[in-house]
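Submitted below is the structure of interest, expressed as structure tokens.
Should a chain be cited, it is by its letter among A, B, C and D, assigned in written order, with residues numbered from 1 in that chain.
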């Protein structure tokens, strides 16, 4: 029996069937789901349990034939614990949580990401490529240096095959042009005449910058951004740890993807986050 | 949404929409089910809750358009409490419980009942009449006196319409022939050449008598009897109060309808019952 | 017909209150919950210092029994920081009950004194936490401690004091009696049940804290019995607020009939959109009142004892 | 690989035991349950006199939480009459634990002395009944009473004594310690949770006895935590038998990992065909043992504490 989506239940134990170093301090894993499931959507996330260690939210890079791909960037003890896991080990997942990206048709799709934010964009790219209509996909990626660029080889190949246009840059110029991905984005926005939608996932301050930029261009008909940087406990709306002011939206349920209209209403966006205590901290 | 059968859950509250005196000390009630349901089968029963008073098993006389018909014979306080209920009052039901009669085709159907045992036979008759093949239905009913004969008018009408053959008797000769219904049954068995199935519901000692009688006739290819006289608490198999020796079958789940093969194995049949304490009592 | 209900001197527009710990960390979720149509909100339990609570996993669902197990471990920003959120919330005139906890009388007093000047509706005293580390004696299960703390706090504030009761006792009426003698203004029953879930694949308790508290539908028959027992003992002597496993309007009615004057709702509001849930709750309660010709909530309270 | 397990001096062919009160009134259902593949059976709790128990309704299902609420009220034929069934059962060599109850020490002694000559495997002492009339002090929640009764009964019989523990206490380890000091041979955790369901249409508690006990899936997280707490305290000092909400082989493993040496299974065997259930249980447990390379049940016991 194939389930439409995973039940939001206690952690479902999955075997790690593949693991590789994706880029600097970042590993990708393939997890074998023990139940048949379809229906994870780009932008959704899971809660990843490393038994005896920690549990935290991570985005979904892909789901095919009950194999779920995730990409984990080292941040602290919890992500390190996952990096220590090997093929054959079990980890638990809960999900699928959150509202996905909802790409319209007949627009330029402008995807821009930083750090582990590129994880959900991977799945979005694959979904857009599978759509019946030929879509115009532009991916803007930047990192401090070359070995921190996620999915670099894969994105380059797609670029070479003409499936996407890949705009890549590094702070130190070790790959692509030197500078921030927003530079290429702005250039593109100045040139293009087609209505465009911006999809962003990464550090919130970067996304806020993009948001302010995008608003200057009426041809940007929507922006969809993943507020996947907030502390989360439950992932399904109960603890409210992930909520934003002043709307009280919970990122895990009402997000993590918010569109322009909603982002306008979130005064916290790019400014404050809440710690695990509930205290506010300037971003 | 129409449910196949009622869920075995806490009592479902039903409004009494009709009530009439069926015969001496016996009332029939129509209960409006608050959910759409189909699939009660003849021989099954419900647990009837009279709020604040008692709960006990009763057979199903019919179910059409979410109206459930039951017939309640006065025995003690619990059944008296139901007799006091009026149209508009609410009672609770749980069910549908138990295994139904399973009539084969191309046989004489010989239904024999006494007391409230005739209740499930009513539904069996209606089911047999609805079947596509024309069925040969014989109903044998007996009672102490005329005003104790259940469903008398209805059965007579069916007889007059040629739908069934109605063999009726009373102990005092106030209606039908004088004597026991087993007399007419035996006479019939002696005459008929068609394979026959006996369906019996009533006092266990009467059924035991019929069972021994039926076994003498090879043309009686099966007997299906309702052991609906045992004390029941749960109705779904947990309390084991209704169990029979030596098989440990629970009448509520493994019965109440048992066929010849099974009845042979029940040493209690017609001999012992268990009280609410679990003590055994000779029948 | 009116949905308003009175809890002592306090009148709420309806008997539905947000339970502590669910949606209760920031002014914005509390405000959202109230605007969804609730009668009042209880904040997350607040202590003296900011605390990160327990290691994750600290909460997950148990769908099969429509429940949740959690051990947030009283994570909270501390009363001084929380005061800011509270002030914002009170600016919007949201009827607010502040849940407070402490490891000792001193801690309770410090938190209470630090917030008692605000125009809040009540303090809810959280004496228990099913997810606490050990099975060590807790205030919630010790009648004498409960009496002393309530009595002392009573002299420190004129704000109504509600006492939240744990179901993990052999006699809830005994603990409640201590609280009532101490001078509390309402009883809130119940908190979560002590519980645990072990993953058989990795042979580990799943919660970071190993032990947790069970909330949701599995708790309802326990909560109903607690409220029934309390009402049977106290009758109208003290208002009782029913909590535990409310998922439907019918569940609210069941608590009222058992003896509750109002109810708190946690898990079900946390796993769905509070706006939708509250609308359904209200529709059902109103429909029931119409059908049964009740014109006020107080007429329903205790109806199962007649 | 062997499913056999040892509870003190007693060896069972597998760790699955029928819980008291379910299918346990007559020799024939007990025999049927054993023949379905269980390791042993516990009888319905037996007292001094025949008793009809509580008015019906005395049991019904709560499907939404996969549970059952009941208040049979210890209906039983009395030990003298039950002896007959017991003798028949023992003729078929069914490993049998006799559950006994009493209102007082004297009653307990009378029942125990009336049956102790039979070749039974153990007595299980039932000190609690969540469906009892009042919230009056029960033996099960009083450590001193538990100690005294166990100690006294210990001198009356050489048959192993198991003590069944209620979850309706603030500290299950405390009660268990009394039982262990008194000299019992195994702990059985847990009995049902105190519970109630009210019908909102007629405004009546549904059970004839109003109050009842909750069994089934809702109880499992509570039972697991109880067994975990007990094992953490007693380790291998005394065998623990886990009960509550077992519906699947996985649940049996979960109890073993928490610290159980064996499990009792009630509700799930009572709402289905025991033959099918037990087969599924066995398949699952075996498969788990294979996959995790366990060769005996004792290797699994307490695995979640490592």
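By our rule, a contact is a pair of C-beta atoms (placed from the backbone, for glycine too) under 8 Å apart; a residue touches a chain by one contact, two chains touch by 3 or more.
Since we're looking at a predicted model, the values are computed, not measured.
Within the contact network of the assembly, the step distance from chain A to chain B comes to 3. Here the chain-to-chain distance from chain B to chain C, counted in touching steps, is 2.
Chain centres here are C-alpha means, and the one lying farthest from chain C is B. Spacing of chain C relative to chain D, judged by their CA centroids, is 33 angstrom.
With centres defined as mean CA coordinates, chain C is found 36 Å away from chain A.
Per-chain CA centroids place chain A at a distance of 50 Å from chain D.
Residue positions of chain D touching 2 or more other chains, listed in rising order: 62, 64, 197, 204. Touching of two or more other chains is recorded for no residue of chain A. Arrangement of the chains shown, judged by which pairs touch: a linear chain-to-chain path with two open ends. Under the contact rule stated at the top, the pairs of chains that touch are A-C, B-D, C-D. Of all residues in chain D, only 21-33, 44, 50-53, 55-64, 68, 70, 72, 75-78, 81-82, 197, 199, 201-202, 204, 206, 208, 266-267, 270-273 touch chain B in the complex they form. Those residues of chain B that touch chain D in the shared complex are 7-11, 13, 47, 49, 51-52, 54-56, 90, 92, 94, 233-234, 236-241, 243-250, 253, 274-280. On chain D, the positions that touch chain C within their shared complex are 62, 64-67, 69, 135, 137-138, 140-141, 166, 168-173, 193-198, 200, 203-205, 210-211, 214, 217-218, 220-222, 224-225, 228-229, 250, 253-254, 257-258, 288, 303-304, 306.
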